[in-house]
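Below, chain A partners chain B and then partners chain C, in two separate complexes.
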Partner chain A sequence: MGIINRGTIHLTVFALIVLTFPFWFEYTGGYAGLDTKIIIWAIFALGFDLLLITGYLSFGHAAFFGISAYATGLMLLHYSSNIIEAMIVGVVVSTIAAVIIGFLTLRRTGIYFSVLTLAFGEMFHTAAVSIFSGLTGGENGLTGLPTPTLFGEKMQGSNVFYLCAIFLIIGFYLARRITRSPFGLMLKSLKSNQTRLEYIGINVQFYKNSAFVLSSIYAAVAGSLMVIYEPYVATEFLEWKTSGTLVIMSVMGGVGTLFGPMIGAAFMLYFENVASVFLEEQWLLALGIMFMAIVVYLPGGFVDGYKRMMRHWVKKNQA
Partner chain B sequence: MSEMIQKPDSNAFFSVQDIHSYYGESYIVQGVSFEIAEREIVALLGRNGAGKTSTLRTIARAHEPFLKKGKIVLNGMPLHQLEAHQAAQIGVQLVPEDRRIIGGATVEENLILAQIAKPIGWSFEQIYEHFPRLAERRKQQATTLSGGEQQMLAVARALARDLKLLLLDEPYEGLAPIIVREIERILLEVKKLGITTIIVEQNAVAALKLADRAIILDTGLVAFDGSAQEVLDNKELREEYLAI
Partner chain C sequence: MAILVVNNISKHFGGLQALFKVNISVEAGTTHSLIGPNGAGKSTLLNVLTGQIEPNEGSVVFKDRPLLNITPHKINQLGIARVFQTPAIFPEMVLLENVMAAVFASRDGAYKFNLLESRRHAQSVANFAIEILEQVGLQHKIRSEARFLSRGDKRRLELAICLAHKPSLLLLDEPTAGMARHETESTIELLRSISKKNMTIVIVEHDMNVVFALSDTITVLSQGQVIAEGIPDHVRGNPAVIEAYLGKEHA
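For the complex of A and B:
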């Protein structure tokens, strides 16, 4: 195959689309700033897919997004406006939380796992607005952050966009490598038969925890970038709504496809911000109807829809 | 009775020493002991509910049944202290009767998965040489294989690991007679490889064809331990415990 294989082509095309995003996005009715937000949510959703392929549906990933956001915000506020330390601390703190929560929740499967993660997520939200309100700014969120900097350069506008874009491209590259490796195959197989895997010598618990932590690292990076994009930490970052939005994005886009959840994220944010101009408050209703339609008629999400269309098209051309 | 059979400091390649295991509250395996020499093939027989599969699953360190008491030693390694995946890593391979394959993965991916944990056994080339049918279907979704092919894949997957003790749970269950013959052929080949094997089977005659020795279980205890030929020759024994 040489150096130019399908993987390289996919990655190059992906990188080009992401890097040129701001140039063509405004022609579709988008506005500057929304592109960055889409990229950040795409990172969040992409990482979440690494957990979803194992068949574990977390309703608590807002915790890792939010914890990282708060840690980053606190670092910017109290330590320095340099994003390197802030991001590292944000991701590390959040990952530690993920290791602990993963250890506790992954002992259960199915709905029990989902409910446990939801409970843990809400616990962090409640803690942030109550006992830790002195630190977190309570219901008002963390405000008064300085403009973040990187090597003295102010992180604003397109600087932030390209920072996020680089993270997304690296994140996509890694996620692709992971899902195509034996390790990724193992993660996918967790969904079908865990006992069977144990009989062939695989420490299932370890791999489940790895997937959980991996997806949390993506969430933490996204949370941290969100604060750099908009130097303010909202309490809703930690709320179950954030976790729920993530799940809806993934399902609409197509679980387990890597591309799907990113497309889902883009679609949802675009719809929220652009379509709401015409639909006003009704946009949520429209989104709900669309979500239901996808779950019922297109369980594989947008990616599945695309594949079906391609198959149909190929058939038609052959006939 | 178990006192008599039990040999606490066994030197055998594989030994089960007075194991007691439970499914929740139900006491299933009630003090089973036996030894197996290296390269020996043992048929574990008995009526429905005698505790054959439970004994096998206990040896494989499945989550259920739960081992409360007793020792299981393979090549000097205390299996009773290990978890299922650790037992698999030191060479125990259970081929269970149901859900033999991993869904959502191709034939080859099933084999790749078997070689994630070290140490590994046969190479893919060796496997495909012995199982040409699997080679033909390597890119096929494993769930779309026929029952016999799935069984073949399950055996191949066990061989892909560094296999010291093969546990076969009802390998002929639910297969058409023609497929049974094919699996028989595969198992005879496995026998030639000299892999220590325990085979649990309702179809006692088929199992005895393969086995060197037979152990008959009755209500969770060893009722007979002798050569396979003895069981085939002893009509009373067969009628009492095997109903054949």
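For the complex of A and C:
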């Protein structure tokens, strides 16, 4: 097959689309800055998919996004405006939280797991606006952050975009490798039949925890980048709404497909910011109707829709 | 030599005595059947062997190693594979992936953080998986999803998944339940070919045709106790067995 295989082509095309995003995005009605936000949410959604592959639906991933955002923000505010230390601390703190929360919540499956993660997420949110409000700025969020820098260079505008884009490309590459590894096969098997997986000699708990922590690392990177993109930490980062948005993005795009959730993220943010200009307050209603239609008629999301269209097209051409 | 020794196992669920001082010794390389009427404690015993149920007393020794109080995945890694009453497979995955998962589990152990290894380049794993699928007669379907298989083929796939580990003991819980006659017969043939490869097999089964076709030794359980044990011919004519199955007037 040589050096150029399908994986390389996919990755190259993906990287090109991401890197050229700002150039063609404005022709679709997007505005500068929204592209960066889309990339950040795509990282968040991509990582979330690594957990969804195992069949576990977390409603508390905002916690890891938010914890990392706060940690990054606090580092920028009190330590230095250099993003390297801030990001590392953000991701490490958030990952530690994920290890603990994963350990506690993954003992349950299905709805119980979802509710437990929701409860943990809300706990962090409540803590941030109450007992820790001295540290987090309470309801106002963390304000007055300096402009982040990298090697003396101010991280603004296209600098932030390309920083995020590089993280997304690396994140996509890794996620792809993971899903194509023996480890990824175990995650897939976990969703399919946990009992059988146990009875082929697999420590199911370890795999579940790993997937949970891996997905939360993506969430943490996204949370940290969000603060670099807009030097401000909003309390809503920790709120259940953030987790809910992530779930909606993933379902609309296509769970377990890697591409799907990223497309879902792009679609939703675009819709929220661009379509709401002419739909005004009704955009949420329109989004709700679309979401329902997708769940009912296209449970595999946009990616499934695309595959069906391609199959239809191939059939038609063969006939 | 005995590969599996069950010593004085008792288990009660509340007031119900599911197993009472059960002693069984399974010889290596033989096929050993556990039979008995409904509620005799056969499935409970299998669950004790695979770590799902903890007995109230007694011990289980597998290859000179105590087997109680360890988790199912560790028991599996020791070389005991189990086939369930309803085939436990990975329905949404293709056959090759089903078996490859088991081969990886056998190669890598209970957990390995091999995130970046390519499955596609694990040729030896895939080849071995295909070899096993050939052994159970599913080589033509390796690319189809497991959920589309017939009941009999699902059972074959489950056997393939179990064989991927090269287990030294195979536990089968009613392997022909819910199968049509021709499927039952081909499953008997398959099990026979597996047992010829020096595999120790323990079968729980209701279908006496299957039991007598395959067994070297039969243990009869009734109401949680062993009431007879021996070679098939010996068990067949045993009055206690006939009584347990058919009632006193037939014995």
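Here, the second predicted complex is superposed on the first by the 319 of 319 C-alpha atoms of A that agree within 3 Å, B and C clash if a C-alpha of one lies under 4 Å from a C-alpha of the other, contacts with A are read in each partner's own complex, and residues count from 1 in each chain.
The criterion applied here is as follows: contacts are C-beta pairs under 8 Å (C-beta built on N, C-alpha and C of every residue); 3 or more make two chains touch, one makes a residue touch a chain.
Computed from a predicted model, the values in this text were never measured in an experiment.
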{"item": "Fit-or-clash call for chain B and chain C when the two complexes are aligned on chain A", "value": "clash"}
{"item": "Touched chain A residues, chain B compared with chain C", "value": "C"}
{"item": "Partner chain in contact with A:200 - chain B first, chain C second, else both or neither", "value": "both"}
{"item": "Touching partner for A:210 - first (chain B), second (chain C), both, neither", "value": "second"}
{"item": "First, second, both or neither for A:307, with chain B first and chain C second", "value": "neither"}
{"item": "Partner chain(s) touched by A:192 [first = chain B, second = chain C, both, neither]", "value": "both"}
{"item": "Touched partner set for A:177, first chain B, second chain C, both or neither", "value": "second"}
{"item": "Which of chain B and chain C A:154 touches, first, second, both or neither", "value": "neither"}
{"item": "Overlapping contact positions on chain A, where the chain C interface meets the chain B interface", "value": "182-183, 185-186, 188-189, 191-193, 195-204"}
{"item": "Partner chain B, residues of chain A touching it in the complex", "value": "182-183, 185-186, 188-189, 191-193, 195-204"}
{"item": "Complex contacts: residues of chain C adjacent to chain A", "value": "50, 71-74, 76-77, 81-82, 84, 88-93, 97, 100-102, 104-106, 108-120, 122, 125, 161, 164-165"}
{"item": "Chain C-touching residues of chain A, taken from the complex the two chains share", "value": "174, 177-178, 180-186, 188-189, 191-193, 195-204, 206-207, 210"}
{"item": "Complex contacts: residues of chain B adjacent to chain A", "value": "60, 62-63, 83-86, 88-89, 93-94, 96, 99, 101-105, 109, 112-117, 157, 161"}
